[in-house]
Amino acid sequence: MASLAFWNPIACIIAFVVLVAIIYLFRSRGQKKYKKGTAQTQIFLSGEKPPDAEQRHIRAHNIYWGFFQALKQYYDPTIKAHTGIINDYIIWFITLVAVTAVILFIVWLT
Amino acid sequence: MHTLVAHSAILIIAIPLLAAFLTPLISRVSKKARDILVIATLVFVEFLVIILAKDIYLNGIHIYTLGASSPSLTIPEHYMVPVRIILEVDAMSIFMGIISATVSLAATIYSISFMKEETGGDRFYTLLLLLVVGMLGLEFTGDMFNMFVFLEILSISGAALAAFRTRFADALEGGFKYIVISAVGALVILFAIGIFYSQYNLLNIAALAQAMQYTMLDKIALALLAMAFTMKLAGVPMHMWAPDTYSVAPAGTTPMIYIASQACLYGLFRTCFTLYGVTLNTATIGWIVIIIGVLSMFVGVTMAVHQSDVKRLMAYHAISQSGYMLLGVGVGLAVLGNPEALASYGREAMSGGIFHIINNALYKGLLFLTAEALFFRLGTRDLNKMGGMCRNMKYTSIFFIIGALAISGIPPFNGFTSKLMIYESVYRFNPILSVIAMLVSIITLASFTKAFQAAFTGPALPQYKDVKEVPKPMLIGMGILTIIIIFFSLFPGLIVNSIVNPATDALINQATYINAVMGGL
Amino acid sequence: MSKIVRTISNLLILFILTFGLYVIMHGHLTPGGGFQGGAVFASGIALLIVAFGSYNIQKKLKEHHFSILESSGAMIFIGLAFGGIATVFFYNFLVGSPLFGHIPPPGSNPGDIWTAGIIPLMNIAVGLKVIAGLSVIVLVMALASSKIEIEE
Amino acid sequence: MTGTIFNIPFLAVAALVGIALYIIISQRNLIKLVMGITILESGVNLFLITLGYRAAGIAPIYTNAPEGVMVLPVPQALTLTSIVIGVATTALMLSMIMLTYRHTGDIDSEKSRRMKG
Amino acid sequence: MRKTTAVISLGIIIAILIATALLIHPFGHPPSQMDDYIIENTQSETGANNAVTSVVFDYRGFDTLGEATILFTAVTGVVMLFRRKRQPTDV
């Protein structure tokens, strides 16, 4: 396989191990005074009380909001096409059969 | 041992069938015996598939004539056409067979703990075994009508399984959509079989391929067959049933229904490459396959990013990944009539596409199982309601990360290998297609980041404080797939050379397939 | 249903079931076979269900009886197919043996029931299966439409 | 193209399949949809069985057979298989519709739909 | 839009079907290389007088096994769908 000659998963594994070693090095040089369960682990928000866990979690529908807004012109018709009605699924099917048959016919003519 | 190998093709189909008939009787006696029977059957099938695969890679195509006085007597003495049903297992069939058997085994082990909390377990396992029979039969048969029969077994058992959780209205809706799509598709395929029968009075694939003249009627049959199989494998724009069905199917069966649709992909390839082969205007149909593939990749992934239901998200990714296979193999099909281009990049594109089938079956199966694990513990599929599951479900989140990295094509995981093969070879065919494929890969990563962020990271939510890790059988099921993924990631060259390239050659060399039955007549 | 329907069904059922069995048994000689005969037989049971109501039938004919019958029919069928595996799966191993093994004279003949090897046995197995399968479908759907839940 | 007039059975097949497809794509009532699929099935079955007819043929059964050319047996076997498959599919579809109706109180494919997008 | 597409496609499909009906072999004169073998040899090979049954259970017996399996699957599916449920339903 020509495409695999220059790429070897073992190299990736070695790179991964080296990366883990570097991370471990950074981590071992961190603050030794850190202790779990004390005020150190609490969220600090300028002295305010932090919001609930419910509020802090970024929900799935908020992620990539800008992406969907930018591609609104693509997404609106696409989602509208996914009607969820079984009859429409069959319409797509017979359309595709018709288109394929017509293409094969045209190619045969030329 | 020799006898076992000689009969293994039929035993792979008949043993799970026998077990399926036995399951309702056994489960009246003992539930435990039933579970053991099902698992033992699937382990035995896996074993048979492996020894059959070994035999095929050593000795070439395996032929089994049902009901004749000898398995190799394909054509009756002093006659010129095959009359009986012939099982014809070549490297491509056994490649699909390995996928089906492996994923089914993992998914069934996974299902055991799910079934402890549901009623109707004996029916569930019966249908599960019948689904395995349908897949393996579709892949191994060498007869058009027999293929239709197994397609129906696969569809009916798949639809019944998808509707298994009858307490939810959407489960019934998903099952109903699946069976309507399958019924229409299968009837269209039967119509095409009738067209072949009217012209050549043959039903055997190899004999039909030899007799094929590519008349006007054959063109009509090709359009019907190709589109019916494409609908069954959920190619855009006939993909809309797939998210509905995959998202409602109960634990463990989602990967199997997905693999069943991959068996229909095999049906499409068998039709295009073996049945029609070079008699067909391959560039035309190749381009049709490529366009459907590109559309599937793009529409699938962009719709996936938008989903907030975790299983729908993965179902759209399943559609998108099928696009890669269609693209890779479609490029091979488009240059089939051009030996120079085929040797320089067409064959590698096909290898990439076919390698992607097995990679995708593994990691997509793993991802479906992790999604089902979330549903099993949280009782919801809505990503908006999840969060912080890393703390409660450590192993599941590790499995999810591995699956997500593999599907997004991050090195060193196996998804990268096959995608790289597709990118490289497709680039030499048409650079734009390759660029779209890479873009889709990036959006895939983005959407899995979203799913991971929403479900697994974030602060511990109070309502899920008591959520525990999923039970052991589920972890074993996911673990099997993970181990195979890691193995495939470490030794891609070995896999490509030993099982993928023979499968590619089996598709390209139509004459070998024909000669195995017709004996060079 | 009314008394007339019930009386007539009581009379007819015997003929329907006998005809069904005849079609199953003579599948290798005359038009028909396991599927057709099974369908005739199951239509008799469907007639009973229509005439007497699914609730009354369900007291006598339970769903699991049919399930066992169907599984056994399927097992006999696949078992006969396995019987030939010494040669090939589905090999007609009874041709030439005393049981159903006669070879009929070529061309038009009056028909001999001891011919065709495993085919009559397979007809019976498939007949059992179809009887059980179609009856259980009709019974379960009739029960479900009258909102009676079936026993597991 | 000779003998076009004798191809009327095949035209009947075309009509049945066309009608069935029209029903499947236009009727929103799920029961009618299933009826459409059943008609499609009948059309395909008719197609298979007409393929096997030989002019002035007799049934391919030797028991007390009169003299004459026999029609092809394989299409009949295929049709038998196809009919049983049709029965199985229809039964399962109708059961699903019954349960859908219990859940949603509707058998309209648009109003009983829960999933889209 | 949807209606127009559907009507046009249906028109093309019906045209294809009619073309099939006209292009196919004349009714009553099919090619018969495979079936002639079965008609000739059904009595000597299987011993059955009824050629259709010999096709169903011998020459294409595996199809029949599949067909019986389909019926079995459908019955299993129907019984499974109407099984007694432990959990309450969501309506």
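As written, the chains take the letters A, B, C, D and E, and residue 1 is the first residue of each chain.
Methods note: contacts are C-beta pairs under 8 Å (C-beta built on N, C-alpha and C of every residue); 3 or more make two chains touch, one makes a residue touch a chain.
The model shown is predicted, which means the values in this text are computed figures rather than measured ones.
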Item to complete: Please identify each chain that touches chain B as well as chain C.
Response: D, E
Practice prompt. Chains touching chain D and chain E alike, please list them.
Written response: A, B, C
Worksheet entry | Label of the chain whose CA centroid is most distant from the centroid of chain E | A
Fill in: Of B-D and C-E, pair with higher C-beta contact tally
C-E
Item to complete: Taking CA centroids for every chain, report which one is farthest away from chain B.
Response: C
Worksheet item: Which chain is the middle one, judged by CA centres?
Response: B
Discussion item. With centres defined as the mean C-alpha position, give me the chain A-chain B separation in Å.
Written reply: 24
Discussion item. Centroid of chain A to centroid of chain C, CA atoms only: how many Å?
Written reply: 55
Worksheet entry | Length of the line joining the C-alpha centres of chain A and chain E, rounded to whole Å | 43
Worksheet entry | Multi-chain contact sites of chain A, meaning residues that touch two or more partners | 79, 82-84, 86, 88, 90-91, 94, 97, 101
Worksheet item: Which residue numbers or ranges of chain B touch two or more of the other chains?
Response: 17, 21, 24, 66-67, 119-120, 145, 149, 152, 156, 159-160, 163, 166, 168-169, 172, 176, 180, 184, 198, 201, 203, 216, 220, 223, 244, 303, 306
Fill in: Multi-partner residues of chain D (each touching 2 or more other chains)
17, 21, 24-26, 30, 33, 51, 59, 61-63, 72, 74, 78, 80-81, 84-85, 87-89, 91-92, 95-96, 99, 103-104, 113, 115, 117
Discussion item. How do the chains pair up in terms of touching? List each pair.
Written reply: A-B, A-D, A-E, B-C, B-D, B-E, C-D, C-E, D-E
Worksheet item: Can you name the residues of chain B that touch chain C in the complex?
Response: 7, 10, 14, 17-18, 21-22, 24-25, 28, 64-71, 119-120
Worksheet item: Contact residues on chain E for chain D in the complex?
Response: 6, 10, 13-14, 17-18, 20-24, 26-30, 32, 34-35, 38-39, 42-43, 49-52, 54-56, 59-60, 63-64, 66-67, 70-71, 73-75, 77-78, 81-82, 89-91
Practice prompt. Spell out the part of chain C that touches chain D in their complex, as residue ranges.
Written response: 29-31, 33, 35, 104, 107-111, 134, 137, 140-141, 144-145
Worksheet item: What part of chain E is in contact with chain A in the complex they form?
Response: 2, 5-6, 8-10, 12-13, 16
Fill in: Partner chain E, residues of chain D touching it in the complex
1-4, 6-11, 13-14, 17-18, 21-22, 25-26, 50-56, 59-63, 70, 72-74, 76-78, 80-81, 84-85, 87-89, 91-92, 95-96, 99, 103-104
